[in-house]
Amino acid sequence: MGDEISTLMSNSKNKIVLLRLRNNKTVRGNLQDFDIHMNLTLHEAEDISDNKITKLGTILLRGDNILSVSLPEEES
Amino acid sequence: MGDEISTLMSNSKNKIVLLRLRNNKTVRGNLQDFDIHMNLTLHEAEDISDNKITKLGTILLRGDNILSVSLPEEES
Amino acid sequence: MGDEISTLMSNSKNKIVLLRLRNNKTVRGNLQDFDIHMNLTLHEAEDISDNKITKLGTILLRGDNILSVSLPEEES
Amino acid sequence: MGDEISTLMSNSKNKIVLLRLRNNKTVRGNLQDFDIHMNLTLHEAEDISDNKITKLGTILLRGDNILSVSLPEEES
Amino acid sequence: MGDEISTLMSNSKNKIVLLRLRNNKTVRGNLQDFDIHMNLTLHEAEDISDNKITKLGTILLRGDNILSVSLPEEES
Amino acid sequence: MGDEISTLMSNSKNKIVLLRLRNNKTVRGNLQDFDIHMNLTLHEAEDISDNKITKLGTILLRGDNILSVSLPEEES
Amino acid sequence: MGDEISTLMSNSKNKIVLLRLRNNKTVRGNLQDFDIHMNLTLHEAEDISDNKITKLGTILLRGDNILSVSLPEEES
């Protein structure tokens, strides 16, 4: 990832992020870590697709399933 | 990316770009940054598919989901 | 994988993990080993999709089929 | 790309090319630049699928979406 | 593949393995060899999908089609 | 490509080849050039799918869309 | 490919092989050559899917379309 993109991700650590996945699911959680493949670890992850909330706990999500990462609570 | 292509992308920073995605969605936003994989960060992103506008906020979009990037407001 | 992600996976060895796959199946088992491609070996693996349990025994699962890995019994 | 293929593409710069895409769309435009991944920039691009013409402006099109590039106005 | 994963595969040589494929087929056979891409050779391979048995003889199966490898007769 | 495969392709230059594509289309044309990714340039290309002939002119076809290349007029 | 796998393929040169493809087609032919990507050349190739035989002549088949290679006439 480009430097600024990596910085943006780093700034989102320990914040709530919203992941749109390629399978049309939406997952929300507290970003713990990520790598250059956009593999992510989330705490207190929830699948919030289809107006339902399913608790997922701590998950490792493979980056190649991700469409986009939203940072709804970023205030900078 | 080739040099000219990278330059074109760089010239579009802080401008509104229109992304057509492989899943047939269309996303519009203010281009902040990009990397060699065409991973992009957008400010004030909006999903404008299907004649609806859904606010997405600041997003990081994985490049492998992109079909094309339009630069509708480029005047050079 | 990033160092912390690799650490998280290592800490899950000999614990029960829950795998969501790209084909919508869900597999549960005792994590034995993994590599940088997220290829995993599981003991006492079970396919628990569709409210049925199918015993799989010891399996090697290719990482490129994985959507996410949940660590439901992690207490740290 | 092989040398001759690269030369063919280079000779098509500033000419109208016709792109058939993997999603069955057809796009026409003035080729500005390309890179080794077949990422292309087009001026005055138009989606001409389904007997309709939709103006796209200047676009950057990811090469991995391309089926073929036709050079209808090449006279060499 | 990680060392332990490679060891597990090596220990399965000349044993019956069960392959679940990405196209939902199931293939069983005597594992002869494998490489780092999980390309496998099987003796006396059988397609056992859909409650039918189709003899395949000696086959080379490309690893990128594999979902998982089960080792049902492993006793260690 | 292996040496003999590359030689076979080279021997087919300036001959008519028949391409079966992954999207089930069939394209015929005079092979001009190719590279290690099996990207090909064809002169007087024609889409001959579905018992119709559509003239394509000179095209560059991305190799990752190809299923097979037939050399129907090879006499060696 | 692993050494033994490559040897197995080499031993099959000038023999009839049966290819199952990812698009569910089955192709039979006399193996001429192959490379590390499992790209193959076949003489007297035939599409034998759906209980029909279609002559294909000499073909180059891209390896990434292959599910498995059967060696029905191997006697070693």
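The letters A, B, C, D, E, F and G name the chains in turn, as written, and every chain counts its residues from 1.
In this section, a residue touches a chain if its C-beta (ideal position, glycine included) is under 8 Å from a C-beta of that chain, and two chains touch if they have at least 3 such contacts.
All figures in this text were calculated on a predicted structure; none of them were measured in a lab.
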Stepping chain to touching chain, what's the minimum from subunit B to subunit F? 2
Rotational angle, Cα trace of subunit D fitted to subunit E, multiple of 5°: 155
Using mean CA coordinates as chain centres, what's the subunit C-subunit E distance in Å? 19
I'd like the Å distance between the centres of subunit A and subunit G, where a centre is the mean of that chain's Cα atoms. 43
Counting only residues that touch at least two other chains, what does the list for subunit B look like? 64
Name the chains in ring order, counting from subunit A in the direction that reaches subunit C next. A, C, E, G, F, D, B
Subunit G-facing residues of subunit F, complex: 1-2, 4-5, 8-9, 22, 38, 63-64, 66-72, 74
Could you list, by residue number, the parts of subunit E that touch subunit G in their complex? 21, 23, 27, 32-37, 39, 41, 45, 56-62, 64-65
